[in-house]
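For reference, the structures are reproduced in the following blocks.
What follows is a pair of complexes built around chain A, which joins chain B in one and chain C in the other.
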Partner chain A sequence: MLTVKINGKEVEVPQGTTILDAAKEAGVHIPVLCHDSRLNPFGACRVCLVEQVGMPKLQAACTTPVTDKMELITESEKLSRVRKTAIELLLINHPLDCPVCDKGGECTLQDLTYEVGVTKVRFDAVPNDTPVDHTNPFIERDIDRCVLCGRCVRICDEVVNIQAISFLNRGTDTQIGTSFDQPWNCEYCGQCISVCPVGSLNNRVYLFKNRPWNLESEKTVCGLCSCGCTVSIDYEGNEVFRMNEMPEEGVNHGYMCAKGRFGFDFMNSVKRETEAQITVGGEAKKASVTEAVEYASEKLKAMNTDSVAIVVSPRITNEEAFLAKKLADAIGTKNIFSTETDAIMPGATYEDVENSDAVAVLNINVTESNPILGLAVRVAARKEGSSLITFYPSETALKRVTTKFVTGNPVELAADMEKFCAAFAGAENEFTADAKRLLDAENPVVVFDAYNMADAYIAQEIQKACSKVKLVPAKAKNNSAGVVDMGFGVNAPEDFAKGVETGKFKAVISFGENIAVRTGWSKLTGALSKLELLMVTDPFMSDTAKLANVYVPVATFAEKSGSFTNLEGRVQLVSKAVDKGVVSDAEIISGLAKGLGTELPTDAYAVRKLIEKEVKLYADVQWDGGTVAYPSVFKTELAKVATTAAGSGKFYLYPASLRLHSGSYTRWSPDLAKVYGAPVLDVSVEDAKEMGLNKDDKVKLKGDGFTGEFVVEINKQVTKGCISLPEDFVETADIFSNGRYLKAEIIK
Partner chain B sequence: MRRNIFETIFFSEILKGLSITLGYMFTKPVTYKYPYEATPIQDRFRGVQYIKTNEDGSTKCVGCYLCQKVCPSECIHIETDCGPKGERLIRKYELDLSRCIYCGYCEEVCPVDAIHMGCEWNTVDNTRDNYVINMKTLSQNYKDNVAGNWKNKHLKKKLVEGVQQ
Partner chain C sequence: MAENEVIETEEQQEFDPTMCDEICAKYQDWPGATIPVLQETQDAYGYLFPELVERIADDMNMSPHQIYGVITFYAQFYTKPRGKYIIRVCRGTACHVQGSGRISEIVKEEFGIGDGETTADVKFTLEEVSCIGACGMSPVIMINNSTYGNLKPEDARKIFKDYASLPDEG
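Right, the complex of A and B next:
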């Protein structure tokens, strides 16, 4: 421990602490501009200069580590002069844009100008004046306002690892941009926006919509994927203006992805329904929620209990899922379903991944499907002496940090993964060295797709061979784990399909699930529309809601309280920020239960108390960030599943993950839809050349039992002989219902 | 008290008093016969606001929300958005004159010299809704202030000068 005296106050700090951190410890404020505690020290702005007693030169607090017996002064006549000059120099070229600048009100430069007391600049102002760049669909870029702190460049490199932007030119010509002014080839994660201290990089979805001082914030958890990011919903009245990061908070450390940052606008969508609807004899009529619920419960009463099925979406809260289970009990049915199963449950936390020294990513494009998990994998992979082996049909963003990247068509890849698995058991093959790295590692981690049983089998075998391996099954939805914990994972999704097809189910109640676009269920639409009762709740008139006889519009995650369990098995609280005048699923469930003579609470806190009593896993869970202690990742021993591509055709077709969509919710975001609206067929450069395909060509896709028409995107990363399409679109759900991997033919 | 016999005989004190009254009878009156006559408006009078326009007729206001924030009676309501060319676009600018206390803070805070306190003070109307004025009216108010088009026709042209400066 080192003893440092700051402004006469003594503190003890460990070796390697910077002056800035020591000052924080001592409760002393030092102004900063270019520093961000999540990034490596940089020292570009010189705003943080402090005096060291006995040293003639001033020290930058953010980059200088303390030494023992160091004596520092952070406030003095000289320092305020120096700081003032540093800001004045920045203001020479800085345009006087504050009234129109979107950062106004939360701008570090504004704050510093006040703090150091600049009222007049002694130098002649030469404001920059270049046109604002609107080429990026999500980021407004006004390089005039840039103070060259380098935070955006550093976060894009150190955290996101995309290195999309960099410093260009030198001296007074220095700029942030891409080489040769190419458009940003970028993940659209918006991390750069979140760290920019000034209004140089702005969120175009929020652009000019409001001012920060008008907004109220509610800390909550994002409901768009299983990562479980802590975010702040900034709202005024009942309108959500942005979903913003909370710097350094939560498991995501304040990072977010494109869906959250730019896709939240679906909550305000004018396309959202406000009135319930009852359809009798093909005629839809508007009804009040009470009428709709009563109508449904009357119908339920007349029904044989075994012919009722309840489906919940993994988007609803734990509390709602629990209530839905109670409703099933009240009805007396065991037919409860979700897209999730209890076969595979969370096994490790982000921290485990970040601290890992050897990671294997099995056949999942984790930076797209689970962006924050992707960031954790990158942290692990970039550490000194650690390794990462990635298997995926095409190259992914992890390529830059991967020790070994294995690509190939899905069948080859499965064979490769099998070899890799065998290498753990001592087999000699090209993966022996890679397996050894995991075997020798202290904290090896394997990340795999929780919905791919063939990969899960391999993960299980690896864990058997190397017991210290921690497994991270990447679940998809915000509460994928939670709905299973509440009881909705006991039945296989296939049984639901069977029940509907055979006519066993006469009534289906779907809480939030968009059955019509789910792989494996999409072909049920015909049978669903013939049901005696199909009740659907959804914020939007979804493809399934259109088939329903009873439809009730419900709240999104910003409009209700509850909790979600993320892919780590971490339970986190969701709080209500706005009210859009629609009910939550919980209220509908208790309404239905009431019709059947059972009283259920709707208040989230009361339900949590019930959960603690009745769900063993949650008996003493800490609702605000505690992890659920799952006994094991796999419920039973998995059997080996052969990976085959069904059908005939020249190409291997596999489902791709999208960074801009994670199911059907985000499709209602006008901003995301503008960039990615309809599914696009990714084709490799070689194949495109061979077939004479161009970008944006419309082609027919034909396989055994399916056809489709898609727009072509030529993707450098795709492997020759492979093509990919995203899942969960109306156009593609039917295709992948035939199998995960397919053979297909492209017809021009 | 000793009294001056002369004063007692000739009531000179009364005459002194009457002479003042008499004197005023021949000076200009200081009161105005409102509503038959206009009351003058001083240079720094704070009347109904106007918002300046640029040469091309577009508003000078950039929608920075500062007046909304500073207004102590919360009578300004602004909504902005991103325009088609990526510019700051004012969707709505409303000022509720029935709430305004004419403090002039909005004029004071405006960073682009857009909103000003005008000379017009006649807001009499028979519905509350008419007290809510929008950007169109505020811009028109600018023209009226410049041209001296007052609701109160008695207002004198020369008062306009203060506005034009």
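Right, the complex of A and C next:
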């Protein structure tokens, strides 16, 4: 330990601590501009200069490590002059357009100007007037406001590993930009916006809509995928203005993805329904929620209990799922379903992944499907001496940090993964060295797609051969794990399809699930519309809601309280930020139960108390961030699944993940839909050339049992002979209902 | 998605990436090889054009934007075509006093190019440099690796004319 004296106060800090961190320890504030504790020290802005006793030169607090017996002064006449000048110099080129700048009110430069007391501009410089860059659909870039602190470049390099922007030129010509001034294309995670200390990078979804001091914030958990990010919902009245990061908070450390940061606007959508609807004899009539619920419960009363099925979406809260289970009990039916099953449950936390020294990613584009898990994998892979092996049909964003990237068509890839798995048991093949790296590692981690049973089998076998391997099944939705815990994972999704198709089910109640676009269920639309009762709750008139006799609009995750269980099995609280004048699923469930003569609570806290009593896994769970202790990842031993591609055709077709969408929910976001509105067929450069395809060509896709028409995108990362389509779109759900390993033909 | 798009620029041209791939392969497991790779590819292709930079980025598993950052940092990397003959006119103090400004003007008169510009036939590029370390023979110019000193304006014009009349081949 080193002893350091800061402003006369002594503190003990470990070797390697910077002056800035030591000062924090001593409770001393040092102003900073270019510093971010999540990034490597940089020392560009000279705002954090401090005096060291016995040293003639000033030291940058953010980059200088302390030495023993160091004596520092952070406040002096000289320092305030130096700091003031540093800010004055930054203000030479920075336009003083604060009244029209979106950052006004939460701008670090503005705050520092106030803090150091700059009241007039001593220097006379001609301000630049560069046009604002709008090439990025989500990020506005005004390079005139840039102070070159480099935080955006550094976070894109050190955290996201995309390096979509860089410092260009040199000296006074330096600016942040892209190669050859190309349009700014990236992952759209917006991490750069979150660290920009000035108004140089702005969120285009929020741009010019409000001022930060008008906004109230509610800390909650994002409900757009299974990552479980702590975010702040910034709102005024009942309008959500942005979903913002909470710096360094939560499992996401204050990072977010495109969906969370730019996709929240669906909550404010004018396309949201406000009135319930009852459809009798093909004629839709508006109704009050009470009428709709009464109508449905009357119908339910007259039904044979075994002919009722309840489906929940993995988007609803734990509390609502629990109540839905109670409703099923009240009805007396065991037909409860969700797209999730209890076959695979969470096995490791982000911390396990971040601390891992050898990671294998099996056939999942994790930075797209679960962006924050993707960041954790990158943390692990970047560490000195650690390794990452990635299997995926095409190259992915992980390539920059991957030790070995294995691509190939899905069938070859499955064979390669089998070889990799065999290498754990001692087989000699091209993956022996890679398997050995995991076997020798202290904390090996395997990430796989929780919905691909062939990959899950490989993961299971790897764990068998190497018991210290921690498994991370990447689940899809915000409460994929929770709805299973509440009882909705016991029945296979296929049984629901069977029940509907055979006419066994006469009534289906779907809480939030958009059955019509789910892989495996999408072909049920015909049968669903013939049901005696199809009750659907959804914030929007979804494809399934259109078929319903009874539709009730419900709240999104910003409008209700409850809890979600994320892909780590971590339970986190969701709090209500706004009220859009619609009820929550909980209220509808207890309304239905009341109609059937059972009283159920709707208050989230009361329901949690019931859950603690009745759900064993949640008996002592800490609702505000505790993890559920699952006995094992796999409920029963998985059997080997054949991975031969079905059908005939020239191309291997596989389902791809999209970072801009998760399921059908985010498609209601006007901003996300603008960038990616309809499924696009990704084709490799070689195949496009061979077939004479151009970007945006419309082609027909034909396989065994499916056809479709799609727009072509030529993607240089796609492997020759492979094509991919996103899952969970109305247009593609039918295709992937035929399986994950398909062959298809492109017809021009 | 968008960032994987094949970028098509106006100057898109079919180029043979073989040399680039060979150079990059040589430096594959060499950390910090960006600069030697850029130097060699520039030597091989003449200048660093967008498709080449993309190719280097793919080969080296790097971001093209980062590479472009390096390219624009150093004065010795070029993103525009350069002439077959690089005329370096020294504009250091000694040469300046001896009238090197007039030599730059003559280049402009003969070829119509200013500092940093290249003739349309990609034969000549003018570079005004600070000092080439031959003050004793000022004013001095260099054309590729040949040095010409103690120049009177009309000597310089003759040298330029000689170069201009050289056949394209060889």
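As a working rule, the second predicted complex is superposed on the first by the 747 of 748 C-alpha atoms of A that agree within 3 Å, B and C clash if a C-alpha of one lies under 4 Å from a C-alpha of the other, contacts with A are read in each partner's own complex, and residues count from 1 in each chain.
The definition used in the following text is that a contact is a pair of C-beta atoms (placed from the backbone, for glycine too) under 8 Å apart; a residue touches a chain by one contact, two chains touch by 3 or more.
These numbers come from a predicted model, not from an experiment.
S.K.: Report clash or fit for the pair chain B and chain C bound to chain A in the combined superposed model.
M.R.: Chain B/chain C on chain A - fit side by side.
S.K.: Between chain B and chain C, whom does A:F180 touch in the aligned arrangement: first, second, both, or neither?
M.R.: A:F180 contacts chain C only, not chain B.
S.K.: In the overlay, answer first, second, both or neither for which of chain B and chain C A:N210 touches.
M.R.: first
S.K.: First (chain B), second (chain C), both or neither: which does A:Q110 touch?
M.R.: neither
S.K.: So in the superposed three-chain picture, is A:T63 touching just chain B, just chain C, both, or none of them (first/second/both/neither)?
M.R.: neither
S.K.: When the two structures are laid over each other on chain A, which of chain B and chain C touches more residues of chain A?
M.R.: Larger number of chain A residues touched: C.
S.K.: According to the stated criteria, A:S575 is in contact with first (chain B), second (chain C), both, or neither; which is it?
M.R.: After superposing on A, A:S575 lies clear of both chain B and chain C.
S.K.: After superposition on the shared chain, which partner residues are touched by A:Q163: those of chain B (first), chain C (second), both, or neither?
M.R.: After superposing on A, A:Q163 lies in contact with chain C but is clear of chain B.
S.K.: Once both structures are overlaid on their shared chain, how near does any Cα of chain B get to a Cα of chain C? Whole angstrom is fine.
M.R.: 22
S.K.: Just which bits of chain A does chain B share with chain C as contact spots?
M.R.: Common interface on chain A, chain B vs chain C: nothing in common.
S.K.: How about chain A: which of its residues touch chain B in the complex?
M.R.: 98-100, 104, 132, 134, 140, 204, 207-211, 213-214
S.K.: Show which residues of chain C lie in contact with chain A when the two form their complex.
M.R.: Residue list for chain C touching chain A: 1-7, 9, 50, 53-54, 58, 61-69, 72-73, 79.
S.K.: Which positions of chain A touch chain C when the two form their complex?
M.R.: 157, 162-170, 177-180, 182, 185-187, 399-400, 658-660, 675-676, 685, 695, 713-717
S.K.: Can you check the complex and tell me which residues of chain B touch chain A?
M.R.: Touch residues, chain B against chain A: 62-66, 68-69, 80-82, 86, 88-89, 111-112.
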